[in-house]
Structures are given as structure tokens and as C-alpha cells.
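Right after this note come the structures.
Two complexes follow with chain A in common, the first pairing it with chain B and the second with chain C.
And now, the complex of A and B:
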């Protein structure tokens, strides 16, 4: 878009606007209110509600301002008797078939139609004809639908198509008989619920929050989602110490994700108030005995004494401290401080699936924000599956390709759904992602890599050619399949390939909400990884202090490792595999009950805010660590304030220098951590190591054919999502109940074979 | 002042006062012998609330929370729920109903805003006015105390007819 500016006159005032600007945006940004329903920036134009009518000189009729592009010398009137009459007429038509059931409707109080009628509606309804009646029904376990309330703005169908690429909800019929519906009356999609969010009326509604509360009595708290590394901003609505819903509606919150949330962010919050939450601290006085509830003082005293005993008997290095990529930066920092200053051990780590340390050590370019992805020119995706594991990134990639004309190169062992958007899809053998990286970085290895990947060498050179032809931003994304050497190699590519016209940006795809933060704090830089720490349990490691839980991945093959420890202290929300052998269990506060920060895969440090007081006797993780340190005779001087912890953290962490809570206050202006750019370095060792490991790859391995179904990772119940009954229905194939007029939860017994099985546990372990 | 004039003055005063008192004796009494006799209440008297039902006995309340929102003393507490059953079997008139509906009469100021706000005419003020209890917790009335089908009406009042001149009963006769 050129930056040439043109003159537009609105209501007698002259404005200089960028050429190509949309008239409705220009009117609104200059304070001339123009109402609209169907207009939604960043979506295809619709012009069906016709409430944004304006008068443009020299045009015969009133024009819909949402479809008009500004031209030089345009003279526009947005307020006149003629326009008011037209708008009032349009609103009357919209209400012609809309039922007057606002008292029952969940949208009542935050309904755009209600607001529109307050401004533009008549006092009386002049239509006396019968309204089309259609009963309320369910479209899926999480989406409720009242077709009668629909005003046919088609925001839901556009969002479903353009954001999610699903086309699961569509308009059928013509004229007055148009209805919004699904194929087969049942919604088979990723259940993101974005259609609910953008619906301006009460047509599509949250099936889990149905008839629970009214929006005006909810306390809205802006916070960061806890389910993946995208760090979507959302607003938790709570009432009386209970989280009722999570929304991203722009009247409450305006973060990096706009109004986008995925199924986990939007519907998987009931774990916060789940009845299985740990209520009190518990102590197992005798190995193999029962966990017995205790007071905080007793539990901390017991843990401190045992820690002292272990340190005296085996030395400080026998104690391991384990953080988590799920908890806040403040909590991880407190744990690191505990390990370094209270215990004095180098055996600390976080329970992440893979470490980003090699990537950040060789980082050759900055991290991309989600906005950069949306306007990128070329996107290279090596491994990973953003649509399932980082849904916002998936949506941004899709929009970059569909609306921005970006070129997408997908290198994956599976034909993931995003490859439908790809300019080039390189279908490789499973486990061969490293070879693709080596070929991207160095053309000498094309032949070798092509042979091992099971692709033609020309495909690799075409991909490299696309990258090197890019003018603008080229974004490189990678998943957890890469080995450390391949991560370093990939991270150094910009040094060789960036020019004045081309900027490289990185977008790692870790699995957890604070994976990047756990790395930044330095918790991943300990002497052990989570798996090796378990391997050493009972030998050189005698005691573990764990925040959160080990992943099923870490425990696989060493399930009994935790039982060999002399002491295991766990702070958790629920009883897990890790608490099974714990000597002391401390109840921790969830993300909705604690203040802090998460760092997402953009490197954006975003605030987490307490929406409700901690459940039962739980406490925020950093407070527990500080209390344990206090019992051991060391005052962390955190003054019971998360901002004090963050100030100390920011002073001691290079990438976070200068950050303070006031700076992070505004979610519309997120602050990016300053990750150091590593200088160009010699990678001969890494290349040689990679070449050797690649040469040992199997050349005859079968490729994985077929596209994985939508939701194959999103719907798997994990520790947190498994607490939501809807996820069990979805994981069991989203069965259509016999009667869609009644909530599926009432009709299908989740216990009847629909509960999680061990194979169906989510990769991300949540 | 002499003693005699004092006596004359006070005797005059007593006679004046007693003449009024004695004059009332033959007149009609307007003291209501509550609780032996019922009191007469204005038709629009604002007593304890009533939750109404429709002709099929289903609760009219759809738990829209407008009464709670209008309440200036914050004394109404509602928990809404979904009633997915067919229309005839439902508790309420719609698929949304109030699972819990509490009014705290320790806080209620009987302003009538809740009645004004109700879009379904589900809540009105009744006439029960004897709300004193021995423990403060008993001031919290639940749906069972408020539903018109369940609330026990006090025998100690009668409601005046709309054309009845209630006020003059207490005025000069």
C-alpha cells in the first residue's frame, strides 16, 4: 500500500488520509461515529446490514461506507436527516424477525444489537407479522445456537473461513429464508468458538457458560492465556471467587490476538474452580503412607528440616530444583534464586519438552511478533503444527497467505492442514527435520538431505530460492523436532542470507505458555535436563523440589524414579503422577489466582493478573518458594508483592532489563524482551555433527500419509483440559447426540467409555 | 402571682384537656387491635416479595438478573441454570430459570425497584409485613419462602379495595 495521501472531506472537515483507506475506518478514527454490524476489520467485506450508510457527493444513492475506498476530493456526510431515516429503517428491518427475549439471552447486556437499538431503534415495533420461530439448539458440546436471533451479518461464516480455514458454519437458503447453519446440523471443527465471539447478537453462544451469569455482574480481568506459547490476551469474567468464562471481546481486552481464542483458551478454564484442586498442604510422614493434611507452617517446617538433613548428609548438589514452563516468570525466578542462594545447587531445570537454549545462543535475528507474521512475505515452517499447538500462529499464517499474499513453505513429516495454504509443501520422512535444516543452510548438502528426506533435490533448492527472492520479512518457524545442532544452524541462517531488502525473523514454537520465559530466566541452563534429573534420582540426586509436574514424556521408562528419592516436595494444583511419591505437597494457585508475567513465543512479556483470590489454602508459587526460603533462614525480601519479584528479576536478567510492571500494564502495547543477537560464528562442528547424524538416518522409512484430523491435538484431554467434560466428548470423536435441542452433556454419559485413555493424552501435557 | 390565680389557671387547663379526652369516648375508635384484628393495607403496599407462577404453575422468573442489577442495597442473589427439558416439564416458563433466588431482608429497603425492573412480571411486592425474626440469618429468604405457591400469607392483614378510602380511617372523623 502506498503512503500517498489524499484529501477527504467528512461533515465539512478536511482530512489527509492514506490512499486506499476504507471510508468507515477514516470516519471512525476522526470521531464521526458510523454504526455497523457486518463490517469487521481484517475480514472480507459483506455490506449486508446496511447501517453504515453515508451520503457521498456525486453518488446517486446512500453508500455503505464499509465498502467504499477513499478517493481524492471525496465529500462525505455522515449525519443528516436522510441518513438517520435510512438507518432507523434498517434497524427496524433487523428487528423484524428478532425475538424480544433479551432477559433469557446470554448476550443481554453486551449485545451489539441492543446497543444499536438504543441508538437507532424506534420506540414501537410496527411489524405485526408472526416471527419465524426456531428452537434453540446445540451445534456442538460448546456452541449453543438460537437461529431466530440471527441478523445475518455473516461474521461467523467469514471468521470460520478466513481465520480458521474450516468453513464449518455457513449460510444456507436465500433471501428471507437464509439461515446460518452447519453441515449435518452438527459442528465438526476445531471448536475454537470464534464464531461465538464475533457474533453481535445472541445467536451463537458459549455452551459452557450458558445461563450462568450476566455480563454486568462479572468482574473482568485482563490476563494471559495459560495453554500455549502464543500468549493470547483474554478477559476472565469472575463472580464471587469463581471464574465463569474467558473472552477476548474487544470491549474488554485488545491484545495481540484481537478477538481470537482457541478452544483451550476459551473453554478450558473450569479447572480453576475444579473440586479436585488441592485444598491444604499435605505431608507424607512415612514412605508409602498416606498424604495427611497439615497447616502451612507444619508443611514448610517439615520440608525445611528434611532439606537440611539431605544437604547435611549428601551435600547441596544432592538437591534438585525443578521449575515449570507453565508457571509465571516470577515463580521460576524465585525457584532459581532458591536453588542458587538458599540451597547452592547447580541441579535445576524446568519440565519443558525441549530446550530452546541452542537457538537463543545462536540467535541471528530478532523474534517475530504475531503482527509480523500477518504481514510477512515468506514464511518457512520446519516441523511443528501451529494450528493444533499454537492456534494463533496458525491463524496468522493462514491470514498472511490468504489476505496478505505471503509465500508459505511447509517442511513437515505429516501433511498438516496448513499445507493447503502452502506455496510449497516438502513432505519428508518422519524424524528427518534436521536434514531439511542442513539443506536450507548449506546447499552442499542438498543431495544427501534429499536422499534422506525422500524428496527431490530440486524441491530443496526451490525452497531456498523462494527464501532468497523474498523482499520484505521472511519468518522462520520451527517446532520441537529439531536437534540442538539444527536449532543453532537455523538460528544462524540470517547472517548469511539477510540483505537490505530482506529481514529475517524467528518464531520458535515451544509448547508451553512460558517456555521462552523459563529459558530467559536461566532455569533451563542447569546441569541436568528433566529426564536426566529423574535418571539420577536416588543416585547423586537425593531430594527434589518440584513446581508443577513432570510430563508423561519425562516419566516414561522411569516411572519409579521419583520413589527412589529421600525427599520430594511438590507444589501443584492437582494430584498428579508426580505427587504420588511426594513427601510434601503444597497447593499452588492457578494462573487465574496469581499476579505475574508470561513470556510468549514472540518474546513479549505479558501480564497475568489475579482474577479471583486463591482457591482454598493455595498460594502463588513464588510466595511458596519465598516462604520455604524463609523457613530455611533466608529472607528473599519480596515484600509479598509480585512486582517486587519482577523488578529484581528484570535487574538480573539481561533480556528483561528496564522492564517494570507499569510498563507492561497496557495489553495493547506489549513489550518485547531484548534477546541478544549472537554474532556470526563458525558452525563447522555443528554441521559435521548434523551430517553424521543425518547419514545414519533410515532411507527406507515410510512417509506418514494422510492429513491429521482437525483437533487431533487440541481435543486430547490433559491434566487441565481433562477437568472439562466437553473435552472428553470432543476427544471421543465429538458424538452427535440424538437430540440437539438439549445440551450433549445431559445426553451422553462421559463415563461410558468417553473418558481419556493414556494414549489420548495431549502432547503438551496440559 | 398569687396561689389562687395559679389554681384557677391550672384547673382551666385540666378542664380544657379533659374535655377533648372525654369528647373522644363516645366517638368511633380508630386504634386497630393488632394482632387480634387484621390491619388494612393499601393495595400498593410494599411488603415481602412474591415470586409468581403462570397458569400452569411454572415459575415466571427467567433469572435475567435485572432485579439484582436494579437493587440499590444489593440484597438479591440469583444463580441461574439451564432447564433442558421439554416445555411442559420445566420448572420455569423458559429454559432458563433461577436455581437459587435469595432476598436478604436484612438489607432490603422495600424500594420496589426490582418490581419495576422485572421484564416478566415475575416479582412483585406482597403484603406480608411481619418480618421480625430471632436470628439475623433468618432474614435471608429463599425461593421456597418467596414463591407465591409456597409463601404463607399472614392472617393479620386485609387489603383495602382499590376504591376504598383507607387513609381517612386514620384521619379526623
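And now, the complex of A and C:
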């Protein structure tokens, strides 16, 4: 888009606007209200609701401002008797078939149609015809549908197609009989619920929140999602200490994700008020005995005494401190401070799937924001599966390609769904991602890499050529498949390939909401990894203090490790595999009950705000750590305030220097951490190590064929999502109940047979 | 594009015969057609620069071959053949009254109900059919021979009232003419557009 400026006159005032700007946006951004239903920023144009009519001089009729591109000298009127009459007429038509059942509609109170009628509606209805009637029903375990309320703006169908690429919901029939629906009447898709979010009426509704509360009863709290590293901003609606729903409607919150949320963000919040939440601190007085409920004082005293005993008997290094990529920066910082200043041990880590430390050490360019992704020219995706594990990134990639014409290069061992958008898809052998990175970074290794990847060498040079032909932003994304050496190599590519016209940006794809934060705080820089810490349990490690739980991945093959410890202190939301062997269990507050910050994969430090008071006797993680330190005789001086913790954290963490809570308060202007750009490094050792490891790769390994089905990662019932019945239905194949007029949950018994507990549990991001 | 092109994962989509769509790569049941019919379809696809543009001619072929309506295996076949989602097929199929998504009788009487026909007595024609056959619009006789529908304008206003059976128009209708048509249908002497 050119930056040429043109003059537009709206209601007598002159405005200089960018050439190519859309009239409705120009009107709105300059304070001339123009109503609309079907217009939705960054979606295909529909122009079906006809409520955004304006008068443009020299044009014969009233025009829909959503379809008009501004031209020089355009003279526009947005308010006149003629327009008023036209708009009132349109609203009357929209209401011709609308049931006006606002008192029993979940959307009542936050409904765009309702607002439109307040502004433009008539006092009486002139239509006397029978309204179309259709009973309310369910389209899936999480999407409820009331077809008669629909005004056919088709936002849902466009969002489903353009954001999610799924086309699961469409408009069927024609004319007055048009309905929004699906083939077979059952919605089989990733169940993101974005159709619910963008619906301006009560046609598509949240199935988990159906008839639970009215919007005006809810207290809206803007917070950051806890389910993946994208860090979507959302608004938790709570009432009486219970989280009722999570939404991203732009009337409440307007973050990096707009109104986008995925199934987990939108529907997986019921774990917060789940009955299985830990209620009180618990102590196991004798190994092999039961966990006995205790008071906070007793539990902290018990834990402190045992820690002292262990330190006296085996030294401070025998104590390990384990943070979590799921908890806030404040909590992780308190744990690191505990390890360094109270215990004095170097054995600390966080329970992440993979460390980003090599990447950040060699970081050759800044981190991309999600907005950068949307307007990128070239996107290289090495490994990973953003649509399932970082859904917002997946959506941004799709829009960059479809709406922005970006070139996408997918290098993956599986034909992930995004390869349908890709300009080039390099289908490699499983586990060979390192070889692709080596070839991207250094053309000398094309032949070797191509042989090991099972691709043609020309495919690799084509990909490199696309990157080197880019004018504009080139964004490199990578998943957890890369080895540390490959991460370093990838991170250094910008030093060799940046020019004036080409800017490189990175977008790591870690799995957890605060993976980047845990790294920034320094928690990943300890002497051990989570797995090696477990391996050393019972030997040089005698006691562990764990916030959160070890992942099934860490425990696989060393399930007994935790039982060998003299002391295990765990702070958790639920009983898990890790609490099974715990001597002291401390109930922690969930993300909805605590103040703090998460750092997402853009490096944006975003606020988490308490929506409800901590459930039962739970406390925020950083408060527990501070209390334990207090019991051990060390005052952290946090003054019971998360902002104090963050101030200290920001002072001691280079990337966060200068940050304060007041600076982070506005979710529309997120603040990016200042990750240091590493100078050009000599990577000969890494390249040699990579070459050796690549040469040992199996050249005969079978490639994985077939596209993984939609939702295969999203629907896995994990530690938190497993507390939501809907996820069990979806994981069991989303069966359609015989009669979908009643909630599917009433009809399908969630029995043990439906629960998938094998490898499906808690693999990632939940 | 060749017809062996990788399938755009219709396994992710709902198919009525597949209760576990997330597990399956392809619908359990997908319609199969003879090589001649496939060749006919490919000839239509070749006419268009974009593959999915051939959706309407292919729907007519599938409808003809699958007993007069788009059954779920037929829809799954179309989605696969054209590289679109099953919901897209549904969207188009429900838009056109000529495409049936439910089983219909051997002869599908489609009475035009738009303005010219309405003024010249389409209601009477429909009413007469209802009385003769004992079915309301949208229904099928028990013996499976007749279905009756009211459809929007068929573009034959000069000869109103009219109805369509198969691909043929029957115009300037009177109740007597309708009786004759019904007799001819019963006698099997009329084309119904289906083999």
C-alpha cells in the first residue's frame, strides 16, 4: 500500500488519509459513527446488512461505506434525514424475522443488534407475517445455536474460512429460508468458537455458558490466556467467586488477538472452579502414608524444618528448585530468588519441554509480534504445528498468506494442515529438522542434508532462494524439534542474510504460556534440566521444591525417581503424578486468581489479573515461596504485592529493565521485552557437531504420510483441560448425540471408556 | 491437475456414516462411479480454470447416478473430487431447488410458485396435485413414485403456470393437463432425468 495521502471530506471536515483506506474505517477513526453488522475488519467484504449507508457526492444512490475505497476529493455525509430513514428501514428489515426474545437470550445486554435497535429501531413493527421458527439446538459440545435469531451477516462463515481455514459452518438454503449450519447438523472442526465470538446476535452461543448468567452480572477482568505461548488477551467473566466464561469480545478487551481465541482459551476455564482443586495444605508425615490436611503454618513449618535437615545433612546443593513455564514471571522469580538466596543452590530449572537458551544466546534479530506475522513477506516454519499448539500464530500465518500474499515455506516431517497454504512444502523424514536448518544456514551442506531429509537438493536451494529474494520482513519460526546447536545456527542466520531491504524476525514456538518468561527470568539456566534433576533424585539431589508438576515426558522411564527423594514439596492446583510422592502439598492459586505477568512468544510481557479470590485456601505461587522463605528466616520484602515482585524482577532481569505494572496496564499497547541481540558468532563448532549428528541419521526412515486431523492436539484432555467434560467428548471423536436439541452432555455419559488417558494426556499446551 | 491429487483431508469433516470423524482419514463410505461417469466428470472439470467451479455439473451427474439425490457418500465423493469441504457442497446443494439433498420419488414435480405462475393459478395446480397424490409440497408418495415441491421462478413466465419434471418443462398447465401428466408418469412414459 502506498503512503500517498489524499483528502476526504466527511460531514464538512477535511481529513488527510492514506490512499486505499476504506471509507468506513476512516469515518470511524475520525469520530463519525457508522453502524454495521457484516463489516468486520480484515475479513472478506459482504455488504449484506446495508446499515453502513452513507451519501457520497456525485454517486447516484446511498453507498455502503464498507465497500468504498477512499478517493481524492471525496465528499461524504454520514448523517442526514435521508440516511437516517434508510438505516431505520434496514433495521426494520433485520428485525422482520428476529424473535425479540432478548429476556431469555444469552446475548441480551451485550448484543450488537440490540444496540442497533436502541439507535435506529422503530417504535412499532409493521411486519405482520409469521416469523420463521426453528428450535434451538447444539451444533457441537461447545457451540449452541438458535437459528431464528440470525440476521445473516455471515461473519461466522467468513471467520471459519479465513481465520481457521476450516469452512465448517456455512450458509445453506436461499432467500428467506437461508440458515447458518453444517452438513449433517453437527459441527466437526477445531471448535475454536470464534463463530460465537463474532456473532452480533444470540444465534451462536457458548454451549458451556448457556443460560448460566447474564452479561451485566459478570465482572469482566482483562487477563492473559494460560494455555499456550501466544498469550491471547481475554476477558474473564466472573460472578460470586466463580469464573463463568472467557471471551475476547472487543467491547471488553482488545489485545494482540483481536476477538480470536481457540478452544482452550474459550472453553477450558472450568478447571478454575473444579471440585478437585486442592483445598488445604497437606502433609505426609511418614513416607508411604497418607496426605493429611494441615494449616498453612503447620505445612510451612514442616517443609522448612525438613529443608533445613536436608541442607544440614547433605549441603545446599542437595536441594533442587523447580519452577514451571505455566506460572507467572513473579512466581518463577520468587523461586529463583529462593534457590539463590535462601537455599544457595545452583540446581534449579523449570519443567519445560525444551529450552530456548541456545536460541536466545545467539539471537541475531528481534522477536516478531503477531502483527508482524500478519504483514510478513516470507515465513519459514521449521517443525512445529502452530495451528494445534499456538493457534493464534496459525491464524496469523494463514491470513498473511491468504490476505497478505506472504510466501510460506513449511519444513515439517508431517503434512500439517498449514502446508495447504504453503508456497513450498518440504516433507522431511521425522527427526531430521536439524539437517534442514544446517542446509538453510550453509549451502555447502545441501547434498548431505537432502540425502538425510529424503528430499531433492534443489528444494533446499529454492527455499533459500525465496528467503534471499524477500523484500520486507522474513519471519523464521521453529518448534521444539531443533537441537541446541541447530537453534544457535538458526538464530545467527540474520547476520549473514540481512540487507537494507530485508529484515529478519524470529518467532519461537514454545509450548507453554510463560516458556519465554521462565527463560528470561533465568530459571532455565540452572545446573540441571528437569529430566536430569529427576535422574539425580536420591543420589546428589535429596530434596525438591516444585511449583507445578513434572510433565509426563520428564517422568517417562523414571517414574520412581520422585519416591527416592527425602523431601518433596509441591505447590499445585490438582493432585498429579508429582503430588503422589509429595511430603508437603501446598494449594496454589490458578491464573484466574493471581496477579502477575506472562511473557509470550513475541516477547510481550502481558498482565495476568485476579478475576476471583483464590479458591479455598490456595495462595498465589510467589506468595507461597515468600512465606516459605519467611519461615526459613529470610524476608523477601514483597509486601504482599505482585507489583513489588515485578519491580524487583524488572530491575534484575536485563530484558525487562524499566518495566512497571502501570506501563503494562493497557492490553492494546503491549510492551515487548528487550532481548539482547547477540553479535555475530563463530559457529564452526556447532556446525561440526551438527554435521556429525546429521551424518548418523537414518537414511531409510519412513516418511510420515497423511495430514493430522484437526484438533488432534487441541482436544487431548490434559491436566487442566481434562477437568472439562466437553474435551472428553471431543477427544472421543465428537460423537453426535441422537437428539441435538438438548445439550450433548446430558445425552452422552462421560464414562471411563471415553476418557483417553494413554499417550494423549498432557502432551502440550494445556 | 490430475485426479490422483492428494486429498484435502476430508477426513477432518463430518460424514454421516462415520461417527468418529477425527480418527478417519477418509469417510468410511465414499461413492464410486464407473470409468465412463468419471470421464464425464473430468470433461466438465477441464472446462474451468478452477477445479471447484465444476461443482454444479458434477452435482447433477452424482444426483443422476445416485438415485435422484445427493446421498452422503455422493457428497463425500464430490468434496474429495473437487477439493472442497463437505460443508461447501451442502451450501451449494441447498441453494438450488434442482439439487435434492433428501431422497425424492421417481418423478419430482416442481411447481413454479413465483409471480406470473402464482397469478395464473400455480396454487390451484399444487392443490390439485396434493389432492390427486395425497402429498403436500415437500413430501413423497408412499410408493415412491411422486414427490411434490414448490420452487422459485424457472424462467418460463410467458407460459405460466408451469412445472418441471426431470429436465423437462410442462407449460400452460391446467388441472386436466396435470391429470394427463400424472397418468403418463404412472405409465412410465416420461423422462425423469435419472437413469
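We adopt the following convention: the second predicted complex is superposed on the first by the 763 of 766 C-alpha atoms of A that agree within 3 Å, B and C clash if a C-alpha of one lies under 4 Å from a C-alpha of the other, contacts with A are read in each partner's own complex, and residues count from 1 in each chain.
We adopt the following convention: a contact is a pair of C-beta atoms (placed from the backbone, for glycine too) under 8 Å apart; a residue touches a chain by one contact, two chains touch by 3 or more.
Small disclaimer: the values here were computed from a predicted structure and weren't measured.
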Simultaneous placement of chain C and chain B on chain A, clash or fit: fit
Partner chain(s) touched by A:167 [first = chain B, second = chain C, both, neither]: second
First (chain B), second (chain C), both or neither touched by A:417: second
Partner chain in contact with A:672 - chain B first, chain C second, else both or neither: neither
Chain B versus chain C as contact partner of A:529, first or second or both or neither: neither
Which superposed partner A:175 touches (first chain B, second chain C, both, neither): second
Superposition-derived angle with apex at the Cα centre of chain A and sides reaching chain B and chain C, degrees in steps of 10: 80
First, second, both or neither for A:108, with chain B first and chain C second: first
Which superposed partner A:340 touches (first chain B, second chain C, both, neither): neither
Larger contact residue set on chain A - chain B or chain C: C
Partner chain in contact with A:462 - chain B first, chain C second, else both or neither: neither
Overlay on chain A, chain C to chain B nearest C-alpha distance, Å: 23
In the complex with chain C, residue positions of chain A that touch it: 166-175, 181-184, 186-189, 415, 417, 420, 706-707, 709-712, 715, 730, 733-736
Sites on chain A touched by chain B in the complex: 101-104, 108, 136, 210-214, 216-217, 741-743, 746
Complex contact set, residues of chain B against chain A: 62-66, 68-69, 80-82, 84-85, 94-96, 119-120
Of all residues in chain C, those that touch chain A in their complex: 6, 8-9, 11-16, 19-23, 25, 72, 75, 84-91, 94-96, 152
